[in-house]
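Below is one structure. I have some questions about it.
Letters A, B, C, D and E mark the chains in the order given here, with residues in each chain numbered from 1 onward.
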Amino acid sequence: MKDLIFQRKKYFTRIGGFLFILFLLIAIFSHFIAPFQLRDRFDPFLPPGLKHLLGTNDIGNDLFTEFVYGSRTTLLVGLLTGAFAVSIGVLVGLFAGYHGGVIDELLMGITDVVLIIPRIPLIIVLSAFLRPSVGLMILVMSILWWTSTARIIRSRTMQIRSMGFVESARCLGFSSWHILFYEILPNIVMIIIPEFLITVASAMISEASLSFLGLGDPTLKSWGMMIHHAFQRGGFLNGMWWWYIPPGIGITLFVLSMVFLSFAFEETEIGIGEEVAIVPFNR
Amino acid sequence: MVFPAKKVLRYIFALFFIVSLNFFLPRAMPGDPVINLLGEDFIAGKEAVEKIREELGLNRPILVQYASYWKNLLRFDFGYSYHFRARVSSLIISRLKWTFILVAPSLILGTIIGALAGSLAGWKRKSKGNTFSFLFFLFIYCSPPFFISLLLLYFFGFRLGLFPLKGFYTTGNWIDILKHLFLPVLIMTLFSASRNYMVMRGSVLQEKEKLYVWYARAKGHLEDSILFQHVFKNASLPVITLFALDFGFLFSGALFIEIVFSLNGMGTLIYQSILSRDYPVLQGTFLTISFMVIIANYLTDWIYNWIDPRVRANR
Amino acid sequence: MIELQNIFYEYSKGWPRKQHQIVLSDISVKLCMGKTFGLMGHSGTGKTTLGKIVVGLIKPYLGKISFHGKDISQLASPDWLFFRRKVQMLFQDPQGSLNPKKRIDASLRDILNITKIPFNQQKQAIEDVLKTVGLSTDFLLRYPAQLSGGQNQRISLARILLLKPEFIVLDEPTSALDISVQAQILFLLRELQKNHGLGYLFISHDPEVIQYMSHSIGILKDGNLDIIQEG
Amino acid sequence: MSLLTVERLNVVFTTYQGKVKAVKNVSMTINYQETLALIGETGCGKSVIAQSILRLLPNNAQINGSIIFQGRDLLLVDEKTMASIRGKEIAIIFQNPSLALNPVYSIGWQVGEPFRIHQGVDRNQSIQESVRLLSYMKFDKPESAVKMYPFEFSGGMNQRALIASALALHPNLIIADEPTQGLDRTLIKQIIEQLDRARKIHSSSMLLITHDLTVARSISDWIMVMYAGEIVEQVPTLDFFQSPMHPYSQGLLRSLPENGFHPIPGQSPSMIENLSGCQFHPRCQWAREQCRWEKPGLFPINRRMVRCFLYD
Amino acid sequence: MIQHKKKIAIVLLTVFSLFFLMTFVSHGEEVVLRIGSPNMVSTANLVFDDYLPVFAHISNPPLTKMNTEGQIVGQSAKLIEVSSDNTTWTFHLNDSLYWSDGQKVTPQDVKFTIEFIAQNVPWAGWLKEGLQDISIQGPNAVVLKFKKPHTQINRDLSSYNLLPKHIWEKVESPQDYSNPGENIGCGPFYIKKVDLNAGIITMEKNPYWKGQTPQIGKIEIHLYNNVDVLSLALEKGDVDTYYRYASSYPYQNIERLKKTGRFDFVEKLNIGLYFLAFNLKRTPMSDFKFREAISYAINYPEILKLDGLDYGNLPARGFVPNSMDHFFETELLTYDLEKANRLLGEAGYIDSDKNGIREDLAGKDINLTMLVEPDYVRRSELIKYYLEEVGIKVTMKNVDESTWIALKDQYEYDITVTRTTPWGMMVHGGWGTAYFDSRRTGEGVLHIIDDPIFLGLVDGLLSTTDPGKIKELAHSVQSYYAENIPAIALYWNMIITPFNREFTGWQPDPLFGIYNIDNFVNLKKVF
């Protein structure tokens, strides 16, 4: 029976891993994969065909090429935001959970405050004041998206701190730094990874949603922007699914691959504590 | 219901921080604060601008401004929107009502459906129905809200012609309102449910290995009654935490749905004020949503307290 | 020799109004090298707290601990490090006192690294210490979860021994172990004391074990220590 | 006529590391109103037997053999029948009472649960019943105790609540799985006495699983010694403490405090590796060439059975 | 649990079928014209909202209007007189105008309206500054006296709605007066209700309307946030026609609508247009030869095809589209890469280091900063491609509308793509001069030409009301554009309005399209 479960998990993990690597390769090797240049123009509104796998858009750009290059921006936004946000969250969570006391109160107080701030409205307010750009988006999302990670890491760190080996390490004379990063960190990697994946997914969906609102950077080629143009220029209404479905499915599949991968990590560790299951996924 | 002073203090601090952020943001941003405070839609002669600068007290020291800002807030005065020609507070109140009608049922339905389906999926992972529901909710979970909204509007509203394409109502009787709200509420419910589903599923997966589950089995419980009499209450604790977060999320999610369905709620208000750069409204809505989330957090604590005796005792 | 003078400890809880609970009050005791002091008491009476105070993991609320005549709260950095290495503690939970994500080998090498033993001598040192605690080198590549309780406790002991301690606080080292394993560990501890002249503070709730191990015995009750048998 | 007969029970777990043979060919019998103590080291498969009887093994376990309880083979009955047996005819007490109780429900709610499950009693009445049960277990204020939650109780109190719940419906068989693990010595005595008294009043039988020989000695009628998934000796309690026959039993007794903590050398084998011959031979001072290759059978001597060539 | 699932499924099915049945509820008999519009009204304010004033043009008709030929004529005013020094304007009111509550429209109403506008509307500052005196002459005439000559006041007043004095003077703070209920009007229809939660503005017949009786009983303006959803609503039959101020129905959606067979289209050449503007205060844009060369680098047919889907015409050097009054024919703009390259070379812009980018006269690579507003991304992208084709590098700078305004006011850009509205083409001197005159400011105003010749032409236009003279000057302005190319028209587009064939008699004007009184009183439902 257990074999069945293992196999199922492997199945999800494999699909997730395969998709993830596929998208990553597409992003990295855009130059080789894309059949044309971004600037090359052909007849507009061509349906998918042999020459143009996904047809062409309103100004005659090859959509497959746009899709391939667009993966770069979208993945970059997602991965960078994920990396930054999770790093902040891990550091805050580790310190708060390990030191406890005043530091914990302070850091968790800040976390609570940031958690309460409505994310999308704040991004909207900020992009309204400042000018929309990828950098700003990554920055703002990074400083808003770390809270759930911090909470979970904290509660896990607190659990681990009370475990004998941390106390034993303190007793044996290891420095706090060593204990935090060599003793505790390896024990929470299993939570950090799914948190990272979920954050990446959330950032990508947010990027697309903001682009849809016209708050993205329109001069940039991202999947969100492709969808934005498709909706702006009648692609949706005229049933040109090849225009908006591939980037949409691209986002969904990439996010899905992330979630699948995160399940693989989630299920190896049982009894992490209640908070792990909280995966706030704010868009 | 008395709360630990620490928690209340945190909420007060959060509120204080958000209000301050709201105050300093427009003043710290590049450009003329008058424009940043009134919105770029506002066109006036130089004299008028000076007059307003005087009225807003922008010439006074920043701390004095800050104090009077607080005073105004406590009187529920969020300023004046030159774009809407109305007080921001009255504007928000009139819109909030509608968004609430949209969000509240979605939140409740979504939580119930998500928690039920999620707990079943976590409990009996192997059944076909659960695999299907898992993939279904995962797909919703992984899709941008506007995308799903447009697709559903296209198929149910246009293709099948079952539902109207815009507005909260046409004639205003309750059947009419229900008909208009059906698709938006359905979509929001799906999103809320998908989040709750994922959390509940993970939570049940963790809980089901715990000893008390085996003990319940040893007492002679059948599988389903273990789930609903023992595991559910424990596993729903993270979902309750999510309830508060969901609140903020639904308000933001409502933004996209309101735009697609041309609903005159908070989301559209935000959208319209983005388009016209109506900063007083943007800030007012931001503050309102933050406030709602804080209240939701408070409520969550309350429910949590009620369900989890451990928290009750730790006070 | 470690001397505790008038140790007080209290546990406070709640915010903003704190509730205080006195755990240890006015405890004075001398712990000698080469001898075992047995500390008995029911669970929750602060035995472990006292143990942690002895090794300096917890600072007492009041009172003085001196190591070889020096007050440890006054120790400068190098002396403190010396104290930290020479006075060690073995914890109750054998599974928990080793990092579950590290192989035994890495756990042991970490200790050698902080004591600045050069890499080429590490292998020998590890082999020696494993021999002392009665384990083969086969265990080096395993994780703590793959070892039994008794084996883990031996590894924990090996880690402590690598620091060449003078005094070890043994906090219920066998209460989680089976009877036959308990006998093995107790036997090993007595052997070590004989060979290395170690001093022990042996904490347990089991009178028979205390009797077997200790030269002098004290009972902790309601925060007070009664010495019932002088060594 | 025996209450429970286990025959040729084999339990295999499939894990990442390989197949674990936790229980190998175990047969045993528990008579009416008798207590059988199953003793052995941690991880020797004692608890697995208990869980097999109640069919409470995790999904990765494979069970073979037969478990006849009052004429029915528990491994063959359907899940519904099994559920009606659990808690009513066979009750179990776990070794970690604080984890076995559900943290978010009150003690009263949980102790009275068997009444609700098996007798369809309503909530209030079941709590009344649990007041009765708790007072029976010598709780100071049972009326207020039922309103408490497990985290507010010490381990010993939780264990007593668990015992109270187990005895609720006068089961024919009580399985106590290390009921005293992690408790203070004084408390152990108290709990064991209460357990035994309750058992006798309800004229139940008991399967006591423990590694604590003192506990086994105080209340059991029979002792069964397990080593590495096998039964190595089955013997009336008195005989066991007077004259243990299997070298492992002898070693166990020697490592008791009163006998001077003399350890058995070496360590128990891993359950994954297949050790040939007698499982104890690497640690046995009497081991000879035969023990290395040939597995000894259970040899009957008087009322006891011993798995050792010494008694061939 | 299986039973639970079944129950849930049954409940869902019931709810679902209930809604399905409800879709068959039928509508009333009265002829209703339903107009779908993406121009979101955000507050029920007749003066300050973005779009409600436009919709109120038929309920509170302004004094003047533009007729279908593009000339300014009287609407609420039947006769307009101007003194020879162009400072005193007299508006004689149409005496058959009545408010929907039965009161007669009086000169006091007009006076009140103009004073209110001058006082409160920020973008009518010119009225406040220039107006010397308003007086009432006789029973139905209003006299406006200005401090200096004002030649185009009749045109400027065509966008301000008449307000009923007897209602508005009682309002406490008329600046904030928004009324979602009945707004008294004097046109053929009046605003019955502005229900923003339903997204519907309802207009009913004015019972006291004395002009031509409208054939339709009621107008409903349905507001949609999303244009695609609006197009679906048209196709579904939720609305009969489409209206968006100064804009066409999206070209991409036309074919689809045509296929339904239920729609016809009003096609009208737009007075406004999309154009490429140069910052003439910077090199090399200040060099005429450079601009001339660039005018050959742009692929006009392609941009018309891609951006306008061929709904329009190729532009001429004279900038002004042929739909405008006094159009003067100039040479058509042509796409000639070879010529563009040749001209650039001749003017000294050569790629001497062979990196694919031409250098300016100082020897540095040309790298033009192009301001790009979100709505103009596609056009801008195309321009970038065209310029790069002739060796001119373009960097796109993404800005929103307000930043665009700020940067162009500070001349912080090289080129930008923007558009003119019909209104913008006509104000100031007319013929687009409003956008270029360096003495002007305003939202879309580029103020890049300070050439005295051009300014002289504008001043000439501003100081005359003589039709002959105006025509002559209009031609000169167009020639000036053709000779100097301060900006390049990209294409002249059509404004296309789809309408349900059930309605006939459409009469769009160039300024407000179908949204004018003549159109609505003439509309008839055929079936």
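By our rule, a contact is a pair of C-beta atoms (placed from the backbone, for glycine too) under 8 Å apart; a residue touches a chain by one contact, two chains touch by 3 or more.
Note that the coordinates shown come from a computational prediction; the quantities given were computed from them, not determined experimentally.
Between subunit B and subunit D, the least number of touch steps comes to 1. Using the contact threshold fixed earlier, the set of chains in contact with both subunit B and subunit E is A.
Per-pair tallies of C-beta contacts place A-B first. Taking the mean of C-alpha positions as each chain's centre, the chain lying farthest from the centre of subunit A is D.
The mean-CA centres of subunit A and subunit C are about 46 angstrom from one another, to the nearest whole unit.
Chain centres here are Cα averages; for subunit C and subunit E they lie 85 Å apart. The distance from the centre of subunit A to the centre of subunit B, with each centre set as the mean of the Cα atoms, comes to 21 Å. One inter-chain figure worth recording: subunit A and subunit D are separated by 50 Å, centre to centre, where each centre is the mean of the chain's CA atoms.
Among the residues of subunit E, those in touch with two or more other chains are 228, 232, 400. Across the assembly, subunit B contributes 6, 150, 154, 210, 259, 271, 277 as residues in contact with two or more other chains.
Interface of subunit B with subunit E (complex): residues 31, 40, 42-45, 48, 82-86, 98, 120, 129, 150, 153-154, 157-158, 161-170, 172, 175, 178-179, 182, 224, 258-262, 264, 268, 271-272, 276-277.
Of all residues in subunit A, those touching subunit C in their complex are 163-165, 167-174, 178, 182-183, 186-187, 189. Interface residues of subunit C, counted against subunit D in their complex, comprise 42-43, 146, 148-151, 175-184, 186-187, 205-209, 211-212. Considering their complex, residues 54, 56, 79-80, 83-88, 91-92, 94, 96, 99-106, 113-114, 117-118, 149, 151-152, 165 of subunit D touch subunit B.
The touching residues of subunit D, counted against subunit C in their complex, run 17, 41-43, 182, 184-186, 211-213, 251-252, 254-258, 260-264, 267-268.
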